[in-house]
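Chains: A, B, C and D, in written order; residue numbering restarts at 1 for each.
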Amino acid sequence: MTNFHISGEAIDVSALARRLADARAGACATFEGWVRDHNEGRGVKRLDYQAYVPLAQAEGERILAEARARYAIVGALCVHRTGALAIGDLAVWVGVSAAHRGAAFDACRYIIDEVKKRVPIWKNEHYADGESGWLHPNNTPVE
Amino acid sequence: MTNFHISGEAIDVSALARRLADARAGACATFEGWVRDHNEGRGVKRLDYQAYVPLAQAEGERILAEARARYAIVGALCVHRTGALAIGDLAVWVGVSAAHRGAAFDACRYIIDEVKKRVPIWKNEHYADGESGWLHPNNTPVE
Amino acid sequence: MTYRVLYFATLRDQAGRDEESIVSDAADVSAFYEELRGRHGFSMPREKLRVAVNGEFAGWDRALRDGDEVVFIPPVSGG
Amino acid sequence: MTYRVLYFATLRDQAGRDEESIVSDAADVSAFYEELRGRHGFSMPREKLRVAVNGEFAGWDRALRDGDEVVFIPPVSGG
């Protein structure tokens, strides 16, 4: 399996955690992005994610390779959902193992920041008032 | 259940993750401390943790309250093991949920840093060469 | 020449389709986007888009060849 | 007065026990540690230790009362 993966199915967190396990690692930092019930002051009912899958996977793998080059880490994995998600659903998971916690935290943060900036995935929020809209990277509306 | 807990049994990560779930939260950062097979260049076979439990629980709750006061987070939990642990075992788990990822990462890092500095828990490493020793907070030997 | 185009997010909504094949004389990515803009009324200016050709990021001056797959990438919002 | 002492880590190893009750004339934490140091040969200087009385952190000048539980806290190493 690839280290960065775009998934149309629910993310299996415990399987990912098992893949990260390593006797050399003393630290594991993870990040989970959950579907939140609000954004920029509006109630959110659900989300849809679209992805340009081949480029998203290639760009995601590049980001993980950059993290391995920049930080003293042992392993790094990331999975991002596509499709329809409800409030509370897991949209993205990042996990990083390392000998020491500083590198694990820094690499985990780097990966999610870069994924949000660079990977071709788009979020369409469906609001409580019936409207919907595509979002910019800073979570403000496109138009 | 308390938010900070000293546990003589294996940590149930999925139960903790369920306790953190909250519709207002869009981000969850976790930290896991695993028993590593080496420290300061020496091979490690296993660990024992001792804790002064009542004070450890009180100090741990204080740290979680500080994190809630300093960062815009929704929930924060931490569990630390005591007793005998093998390589790869989970020694400590920290989880923080928040509306946004910056606060989740910062609070998670704050909690594990303060736990390592302040909570009365002691690690005894058993080395591959048969020796053992209590450690200082910076993972150097006591003597 | 015939180019394959995939649409995502706002561009997909405005084009009213996921993808299409277009016979075009546009020699590069830039000219091709202007042609599609005229056809579908895309509101998004070029400065907000990135471009990929055959699954890799490319520049706006990238020359196109028959059969190329072209994707105009709106600002992303994963995570 | 009788004080209860709990030992952890290096102090537990050097005292050879987890806890004990000690009849003592020591009026404060500081004097009590010096007494225990003489008894068990603790190698750790006071500057490296913190103190708790009855489950809460306390200062070295804390006056002791009959029945107090005293813990000398070596440098911690959780995580």
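The rule we apply is simple: contacts are C-beta pairs under 8 Å (C-beta built on N, C-alpha and C of every residue); 3 or more make two chains touch, one makes a residue touch a chain.
None of these values were measured; they are calculated from a predicted model.
Chains touching both chain B and chain D: none.
Using mean Cα coordinates as chain centres, the one most removed from chain A is D.
For this pair, chain A with chain B, the centres built from the Cα atoms lie 24 Å apart. Mean C-alpha positions place chain C and chain D at a centre distance of 74 Å. Averaging C-alpha coordinates per chain places the centre of chain B 49 Å away from that of chain C.
Among all residues of chain A, those that touch two or more other chains are 33, 101, 112. Contact with two or more other chains is made by residues 79 of chain C. Contacts between chains, counted with the stated touch criterion, involve the pairs A-B, A-C, B-D. In the complex of the two chains, the chain B residues touching chain A come out as 13-14, 17, 21, 23-38, 87-88, 97, 99, 101, 104-105, 108-109, 112. Interface residues of chain C facing chain A in the complex, by the touch rule stated above, are 6, 8-10, 12-13, 43-44, 52, 55-57, 71, 73-79.
Those residues of chain A lying in contact with chain C across their complex are 33, 49-52, 54-55, 58-59, 80, 91-92, 112, 115-124, 134-137, 139, 142-143.
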